[in-house]
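Both of the next two complexes hold chain A, though its partner changes from chain B to chain C.
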Partner chain A sequence: MTSNLFLRKVLGRLVRAVTISFWVMVISFLLIRLSPGDPAATRLGAGAEQEAVEALRKQLKLDVSPLEQFTSYTAGLFRGDLGVSLVNDVDVLETIRNTLPLTLTYIFLSVFFAFLISIPIATLIGWSNSASIVYSFRSITSVIIATPNFFIAMVGILLFSVQRDWAPVFGYVSEFPENLKYLWLPVSINTLILVAIISRVLQSSIVDTKSEEFVETGIIRGVGRTRFFFYYILKPSMAPTVVLLSYMMGTMLGATVILETIFSLPGIGRELVGAVLASDYPMVQGILLFFGVITVFLSFIGDLCAYALDRRVKI
Partner chain B sequence: MSNSLVSFKQLRIDVKVTRSRRLRIVDSATFDVEHGQLMGLIGESGSGKTMLCRSLIGTLGRRSAYIESGSVIFDGTNLVNATKSDWREIRGKKIGYIPQSALAGPNPVITIGDQLAEAINQGQKLDRETVHKRSIELLEMVQIRRPEIVLKQYSYQLSGGMKQRVMIACAIAQNPKLIVADEPTTGLDVTVQAEIMVLLKEIRKNLNTSIILVSHDLQLINSICDDVVVMHAGATVEKLPSEEIINALHPYTHALYNSRIDLVEPRGKLVTIKGQPPTVGAWPTGCRFADRCDFVQDKCLFGTQMELLKADTNHETACIRYDEVFLGAKK
Partner chain C sequence: MKRIDTAAESSTRLQRIREWTALPGGFGIITGISMFLTITILGVIYPLISPYTSDEFVGDSFEPPSWAHPFGLDQLGRDVMTRTFAAVPADIGVAFLGVSIPLAIGTLIGIILGISKNKFFVSLVSSIIDGINAFPLLIIAIAMISFLGPGLFNVIIILTIMNWARYARIARTRAVVVLQQNYIEAAQLMGYSKRRIIFKHVTPNVSSESLAYALSDFILVIIIVSGLSFLGLAARPPAAEWGAMIADGRTYLGDAWWITIFPGVALCWSAISLSFIVEGLSRRDRGN
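Now for the complex of A and B:
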């Protein structure tokens, strides 16, 4: 492929990413309005008078038609204005800026550790011809994948926070060395789930790669052991894992809603739960838009990485 | 026959299916390949051709297969007992290998140049200038145009024929004494197939290597090989000079020859070999072709009948009735 064609493909992908982000925005705008609940009534509490609610609706500009709301919302977006919370008048972008780093930190940490652990596990098991080892590997990973993450999290809390005093049950301190004390358990649980998925995909790719004809030609060419492992086994097997992982980072953002609630981490997932419960339209829209853009962007990066590793990958 | 380059004797290859179950893939392979000879090896799927090739490049273990008994002598070394360091000296250096599927032969994640460099280096480390020069030379030998560009490319950028040429270039990098080409034209279209065959012939002439060319295409083999070895159900059943193929002395070879497509008139009926080849490993006693043979008699159904009988100076057959069936008919 000439570099020109490559550039065009990348640009095409970018355009697609922007389009998808637009639709994410539209859908999140519609979804939150379709769900029951009135932000004005929620803010004023259960005993509020009808007139007061109406007045607040007017003040929050919720009395105009959805189409008008949508145009003013999009217009705001182009100015980098995501609106203010209907609940406490805090700037949405500000809230995201405060909560997103924590979430991204523990997602990236768990992805990093998951990679570090999965590669040797997948390689060793992909290498072994013992049926019983492969069988037990498959069973264990299946159990982990099939168990809901909140259940694993609760078992983790029970084992490490309640029975042993190794981790706080919940809460967070944002200073650097202290925060590790609060983060290690959620990160480990996330890592565990990721390892199960990644090592399984990688192991089956390695098994496939092992039987490829080019591996045989590599043996015949007397390729050295290290080079053989990296260039004839690992590199040709990595692409599916990298692509999967980049997609999963997006779904992991969704999963943070659960983990952050359980561990009471002040991340963006917990913010989203609160916003949905309060029908805080701008906040929900803003967070979902960020989730969408991050997901689309990461899968784009993932595809590029996969292509860099293995030119057979189509982008 | 001690001065043959390769000599298979009663070679038997088993595959480990489970811990206790073994499947015999090759039961009796006996033939020699002379220096500079282009030997065709033909047989149906499951006749053991590919495993026979793997015994020459020491990769049986990858498919959990192993040599049960018999011997493969290559250039004075018995490959059956070859150690890892023996293999390092033999494969790639003295025996080149052209893989079955051109499309999957080159490593997809490193450049053609890197792969050629591996073949040229063979574990040692030559300086880049030498490697580069030799790479270009090799690519020119296999008639690749613009070798400088191809060196920087990945296999997905090459056509099937180009890929196979690159694989040939890798195989001849060390001027091997023997090239094993395991169905090298599978998946290539007919014109490219012909080009690859011509190229192999030329390489044999220029480098004076022996080539074992595996195929299930009798015509292809017949047109370029010196001698042909026919395998059926894990055993070599006939060895003959390729021009003698019309005078084959084994009913299986005859049947193969008669089922050539070019014999059929347009819209005519294709001649096929009746019945199915015996299941791998579940071979009947007696002649394994007996079930499908037109000339079968009671005596064909006993014993092992895998011994090759000398019919002529260069012609061996496993058919115990070759005398009556073929030579008798001629008289």
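Now for the complex of A and C:
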């Protein structure tokens, strides 16, 4: 019975994720139509020859009716064909595949360290009943969250790259021990911001958990310290944090775009900015679609994790 | 007699303000509002009283901060202080429009969705809203700039097209709750027109929540506007805009930190002032 309910809930949530993905696809298809005038002519500039514009229109599949365009676009997606770059004729999916690992490594490292640091901070502050500690914790974290990451990056570069030669700002080497030299500063900046966000949510949900009845039961039953902490306090408090983190994923991907550009890391975010500056429409569309779909499915997975952690969560 | 009355009245008003400040979060709200007012007022007044204009070459490049130029001069010999304050309309102004227009449109659409009885229409629009909200705001703004072209005006258009959906979702959820309240039923029983109920009874009760979200969205949008300019996708040089100025100064970070740091501090100042207000209001809400 319980597993049946669980399955039904998961399936319902999956259907919603697929519906949203459909609209994500429609929106990224429609975007090219937003441009005032003909995108092909705009890209080639005013002095372009008529044949060249026509050829580009054909390449962008703008020469057929919108409905045909949409069906061929959709059919292409199911074949894994996101189009070809206008700049260097590279397959868009291939580019995503090449640039994604770095971005994922980078996000994974930041999230990992952020949890490692946030859990003890949030627990200690959630445990203390001193109003002034809680108040200064919330003020400091809100200042960190409100500070744009590119400004933190500038200060970081000023301190560690300009004054000391600890973090190179240009170039990147993808071999393992070497790449840490290039990654540590951007990862630290991202971690700092994430710590502020995660520890805030975790702290307030630990405060909420503390007043739950099952915590009292745990105390009365004399559960061992470690078990008490992990099962009675941390596990139920993690659910809101995981939900938040999955919703935050989008903002986090946005943040990596800026940090990758600053530190010239060849990830998917820098690829997007480069494609925008070069008016590489198929590349922009493809990366946008990818970002949209990945955000939808991360929030799906986040909701599932939260439900697994705490069955009272609505999904 | 009259004098004493006004004096008594003003003392109670002062007392009321003092009591209001003493409530939880009052200090944060007051600090935030004064910080925000300081930067906006300086942004309006300073360009008027400054001896220089924002794109005037007034001295040697990279002149460090001095009494004549408290924030120093940039790579082209422009006064960084004048430029920093001249950027207020570009950042806070654009962000304000980028929040208030979607707030109005989104709240209206959300209320319509909350009221509408047409199930097909509601589920169609709701799923479009979910689709729009699936995109990270910064990512879709960057992507749309490649089709619309760079510029601050286009940033406002992009925020209008993409940001309303978040407000619509909040307003819809809230409208459904408000419509079930007794006072709506009472208004219906009093025989008020549908329009009066929507505008006088539903909208004010829905918009309190939307406004609270708008305040924290304001921070996000300021960061997005300056972030886009930092990437060279919104304000273009020589426009005075914090993100663009930070990007400008980046190349000379080692020799002339002031080109980057002062606009950055102004940007942080604005965002942090708003976050103090948000923090104070939420503390007041929780009552501790």
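Here is the rule we go by: the second predicted complex is superposed on the first by the 278 of 315 C-alpha atoms of A that agree within 3 Å, B and C clash if a C-alpha of one lies under 4 Å from a C-alpha of the other, contacts with A are read in each partner's own complex, and residues count from 1 in each chain.
Here is the rule we use: contacts are C-beta pairs under 8 Å (C-beta built on N, C-alpha and C of every residue); 3 or more make two chains touch, one makes a residue touch a chain.
Fair warning: this is a prediction, and the values are worked out from it, not measured in the lab.
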{"item": "Chain A as common anchor, with chain B and chain C clashing or fitting", "value": "fit"}
{"item": "Touched partner set for A:143, first chain B, second chain C, both or neither", "value": "second"}
{"item": "First, second, both or neither for A:180, with chain B first and chain C second", "value": "neither"}
{"item": "Chain B versus chain C as contact partner of A:157, first or second or both or neither", "value": "second"}
{"item": "Contacts of A:275 with chain B and chain C, given as first, second, both or neither", "value": "second"}
{"item": "Partner chain(s) touched by A:7 [first = chain B, second = chain C, both, neither]", "value": "neither"}
{"item": "Superposed model, angle subtended at chain A by chain C and chain B (C-alpha, nearest 10 degrees)", "value": "80"}
{"item": "First (chain B), second (chain C), both or neither touched by A:20", "value": "second"}
{"item": "More chain A residues in contact - chain B or chain C", "value": "C"}
{"item": "Partner chain in contact with A:75 - chain B first, chain C second, else both or neither", "value": "neither"}
{"item": "Lowest C-alpha to C-alpha distance for chain C against chain B (Å)", "value": "12"}
{"item": "Chain B - residues contacting chain A, complex", "value": "57, 59, 62, 64, 88, 91-93, 96-97, 99-101, 104-110, 115, 118-119, 122-123, 154, 156-157, 167, 170"}
{"item": "Touching residues (chain side chain A, partner chain B) in the complex", "value": "1, 129, 210, 212-224, 231-232, 235-236, 309-312"}
{"item": "List of chain C residues in touch with chain A within their complex", "value": "28, 127-128, 130-132, 134-140, 142-149, 219, 223, 226-227, 230-233, 243, 246, 249-250, 253-254, 257, 260-261, 264, 267-268, 271-272, 274-276, 278-279, 288"}
{"item": "Chain A - residues contacting chain C, complex", "value": "16, 19-24, 26-28, 31-32, 34-36, 39, 42, 131, 138-139, 142-143, 145-148, 150-151, 154-155, 157-158, 162, 250-251, 253-255, 257-258, 261-262, 272-273, 275-277, 279-281, 284-285, 287-288, 291-292, 295-296"}
